[in-house]
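Each of the next two complexes has chain A plus one other chain: chain B in the first, chain C in the second.
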Partner chain A sequence: MEMSVIWRRTVPQLLVAIILVVMTALYFLYIDKTTKATLNYWDQLLINYSIVIAALAAIVGGVDLARYHVALIMKREREQIPFSLITLFLEVVCVVFAFYALATGVPILTQPQFSWIYLNLQVPTSSAMYSILVFYVASAAYRTFRARNPPALLLLIVGVIVMLGNTSLGFVIWPGFTPLKDWIMTVPNAAGYRPIVIGVGLGTIILGLRLILRKEVTWMGRRD
Partner chain B sequence: MNYLPVEQVINPAAGAVSLAILIFLSLSGYYYMKLAERGRTFPVRKIRAFEAIEEAVARSVEMGRPVHYTIGYGSLRTAHAPQYTAGLGVLTHVAKLAGKYGARLIVTHGVPEAIASIDEIVRDGYFSEGRPELYNPVDNARYLTDIQFAYASSAQAVIIRENAGANIVIGPFWAESLILAEAGTMVGAFQIGGTARDVQIPFFVLVCDYAFIGEEIFAAGAMASGDIPTLASIRGQDVGKLLSIVLIVLGLILLPFGVKLATYLMW
Partner chain C sequence: MDGEEGLKMGTSLKRLDTIIGTRQLLYTLLIIFTLIPMFFPLRLPISISARTKKVYNYIDNLKPGSYIFIDFDYDPAGRGEIEPQAVAMMKHLFDKKCKLVMASLGTTGPVMFEIMRKTNPDIFAGKEYGKDWVNIGYVAGGESAAAGLARSISGTVAMDAYGNPIGNLPLIKEADKAEQFALAIVFTTGTDTLYYFVRQWFTPYKTPLILGILGVMGPAAEPFVAAGQAVELMVGQVAGAEYEVLVGRPGIGLGAMDAQSTSHAIILIFIILGNIMFWSVRLRGEKR
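The block that comes next holds the complex of A and B.
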């Protein structure tokens, strides 16, 4: 086997397999207080490594984002240029804040200028996106709640009961809507959800097994 | 020889029964994989959403529109890492199909740790199908951001502005699931969604043409590999389902006698 293949494929696969086994063992086992303290140390060390890797990956992400928007500006697409310029400008601003934090020792999140940008740009735009969801829920519900066949009719009836059970109007129309909604949510709904949750747990275990046995390699991309 | 008591070896918060079930399932999965390596074949239930991926890609090419794929946003450091892995597994299949049919694939995501993997997967998809000229790293794999609604609005913008012919969303999703799916609906895209996050599954089931439900996204990863022993591991998953059904039925039988099986399983 070529050395490059070993470094690019075998070593990462082995690292994933070993860390999976170690983390599982750290979760399930403890022998005595001293051993547990040692294991906790290794546990914390792995977590710290993952934080460092994630931070470095965020830099790669920043470069990736900048590269894409520079490419868009170079294409001279008139409609897209203002958005790309704003994105690049804000990215540079964040980098400046980061260097300022490095130079002064003041954490970026406590800098008043950064907080102003966060509170006046990030928070309102995120809230606006979140609030748009209500219209999406309404349009999706409208399309879904058309009684085209018996299961769709059942879905419509159950949906109306749950909606009325969650509103004060429903209580005014008929007080029984609230307990009926509670029963639907705690009995048939929970019975439908639990097998899905159990299945997800089982699927995760088998995925972990495939990763440990180095059978799940699709996440690595290129095959050599 | 002196043996340590179980409570001094097994973390009581995790539970000895959980560990026993984990070992049992792992062994059964391993057993079926070994049987498959020796040539035994097992019938595997077809997942319609997985089979529909080819149709989605082919249709997009016919319409001259790109295929949009996303695995969501977040970090691989969280408990949702298996879902990102499953999303990458299905991306392998989509990338190969994009190469096969000559589709323009746009992968958007907000997982910085997955940037290199996604680049490699997309590159491999085009190169392995003999279409390296279609690979454009800047256009094909786009990291957006790991901030939830900034990611959602960016991904939505990509779907709408690029007029995606197919919108495939597989991974862990939160409130942005419906934003992504509705964006696909707006442009009339062929939609395939999948997540193991139980709260978001109904959105994909209702809005998408096909949906992976829960653990199907993990099975899809195995199907994407095309490797028979890997596929056979799903059999181990089925053994786990059988065990769960037996325990549920046993619990129901014992309940009238005042025995709560769940209490013993917490041990």
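The block that comes next holds the complex of A and C.
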């Protein structure tokens, strides 16, 4: 095997496999208190590495975002340019605030300028985007909640009960809507969702096993 | 009814169906009926669900001075649904003289907390920073961050959200590990965060969890309660409004309940009309 392949593929795979085994053992196996106290240092160290890597990944993400939008501007796509410029401008503004915080020691959270931008730009735009969903949901509900057949009728009835159970209007019409909605959510809904949660758990175990056995390579960004 | 009359009726029904089916009509009515109750509140009565009552009783039965960990992890889009829950529950916790440690696994969390704090100053009145409450701020790393904070807050972060060394805060000296917290409350708009806390706080340390989430996340979070991994859920704006009633501090949750009722009513009216049209046409033997 070529040396480059060993460094590029085998070493990272082995590292991931070893860390996975150690972390799994620390989480699931019973270890006596003395051993655990010794291992706790390494456990915490690995977790802290992970946190530092995630924080650095945010910087990589920021740089990548800037590169992507600079490339779009360079392509001179007229329709895209204004959006890319706004994105880049706001990214630069946030970086400036971060450096200002570093230089002055005033935390970014307590900077009134940053709070103003967040409260008057980010919060309303984000809320507006989410609120627009109500129109799509309403339109979709009108079109799909048709009692075409018995299953559709059941969906319609359950949907109406949950909707009314979530409002004061439902309580005014019939106080029983709230407990009935709670029952639907805690019994049939939970029963339906539990297999999904168990499936996710099993999928995670299989992924872990594939990583330990070095069968999973997609996380390295290539298939070789 | 002769054939001509029937044909006319069929045409009228189809025309009515087309008018009702117009998106613009539904959208316009939705806007109008959401705005009207904001300016002219209907003050419809509100029931307290058994679930919200359970959360209230659980917090009410905590020992005074208990340490509570709160994950502030919602984004601005979820503010309308989750902030009412957060404000009402924090008021209750402070009234019970509990000591709160706040952290955020999401980047938007610390800012949302600051907005909440500035817009509800009465909640924090008389409470001393560092002794009664602490804000750690954003901790990167997702599940690793949750695991790290559970093992040791001071071992995971060096400074709080305001630049104070974490070791200088008396509250962190008293409560540094998941085992020391009587309760962890997760206010989040991300389903993944719920898994983080179930796996890293409840499973290894048995720290009780209360999950404050969006309405759309409710179905996905139910299995945690059914399995006993979470004490209870606070789902959507309605839970916040109910809690506001319980703690006797009406806020934006209660204020928006009328709008929620009227907008839901419009959608229901359209669903009923749509079904009437559908069955009228179908019973006439016409294909749709």
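Assume the second predicted complex is superposed on the first by the 194 of 224 C-alpha atoms of A that agree within 3 Å, B and C clash if a C-alpha of one lies under 4 Å from a C-alpha of the other, contacts with A are read in each partner's own complex, and residues count from 1 in each chain.
Please note the rule applied: a residue touches a chain if its C-beta (ideal position, glycine included) is under 8 Å from a C-beta of that chain, and two chains touch if they have at least 3 such contacts.
Since we're looking at a predicted model, the values are computed, not measured.
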Worksheet item: If you stack the two complexes on chain A, which partner ends up touching A:Leu109: first (chain B), second (chain C), both, or neither?
Response: second
Practice prompt. Check whether A:Ala138 is in contact with chain B, with chain C, with both or with neither, and answer first, second, both or neither.
Written response: second
Practice prompt. Examine A:Val60 and indicate which partner it touches, taking first as chain B and second as chain C; both and neither are also allowed.
Written response: first
Discussion item. Touch test for A:Ser50: chain B only (first), chain C only (second), both, or neither?
Written reply: both
Discussion item. A:Val217 in the overlay: touching chain B, chain C, both, or neither? Say first, second, both or neither.
Written reply: first
Worksheet item: Which of the two partners, first being chain B and second being chain C, lies in contact with A:Thr186: first, second, both, or neither?
Response: second
Discussion item. Touch test for A:Tyr130: chain B only (first), chain C only (second), both, or neither?
Written reply: both
Worksheet item: Touching A:Thr178 in the superposition: chain B (first), chain C (second), both, neither?
Response: second
Discussion item. Shared contact residues on chain A, chain B side and chain C side combined as an intersection?
Written reply: 27, 47, 50-51, 53-54, 58, 122, 126, 129-130, 137, 139, 143, 193, 196-197
Fill in: Residue ranges of chain C in contact with chain A within the complex
21, 23, 26-27, 30, 34, 44-47, 49-51, 75-80, 107-108, 110-111, 114-115, 118, 137, 139-142, 144-145, 147-148, 151-152, 155-156, 161-163, 204, 215, 218-220, 222-223, 225-227, 235-236, 238, 257-258, 260-268, 270-271, 274-275, 278-279
Worksheet item: If you look only at chain A, which of its residues touch chain C in the complex?
Response: 27, 40, 43-44, 47-48, 50-55, 58, 105, 107, 109-110, 115, 118-119, 122-123, 126-127, 129-130, 134-135, 137-139, 141-143, 145-148, 156, 160, 163-164, 166-172, 175, 178-179, 182, 185-186, 189-190, 192-194, 196-197
Discussion item. Which residues of chain B touch chain A once you look at their complex with the stated criterion?
Written reply: 4, 8-11, 14, 18-19, 22, 25-26, 29-30, 33, 75-77, 82, 85-86, 88-89, 91-92, 112-113, 115-121, 123-124, 127-128, 138-139, 142-150, 152-153, 175, 178-179, 181-182, 185, 196, 198, 201, 203, 206-207, 213-219, 221-222, 224-225, 227, 229-230, 233-234, 236-237, 240-241, 244
Item to complete: Spell out the residues on chain A that touch chain B in their complex, using ranges where they run on.
Response: 24, 27-32, 47, 50-51, 53-54, 57-58, 60-61, 64-65, 67-68, 71, 122, 125-126, 129-130, 132-133, 136-137, 139-140, 143-144, 193, 195-200, 202-211, 213, 215-223
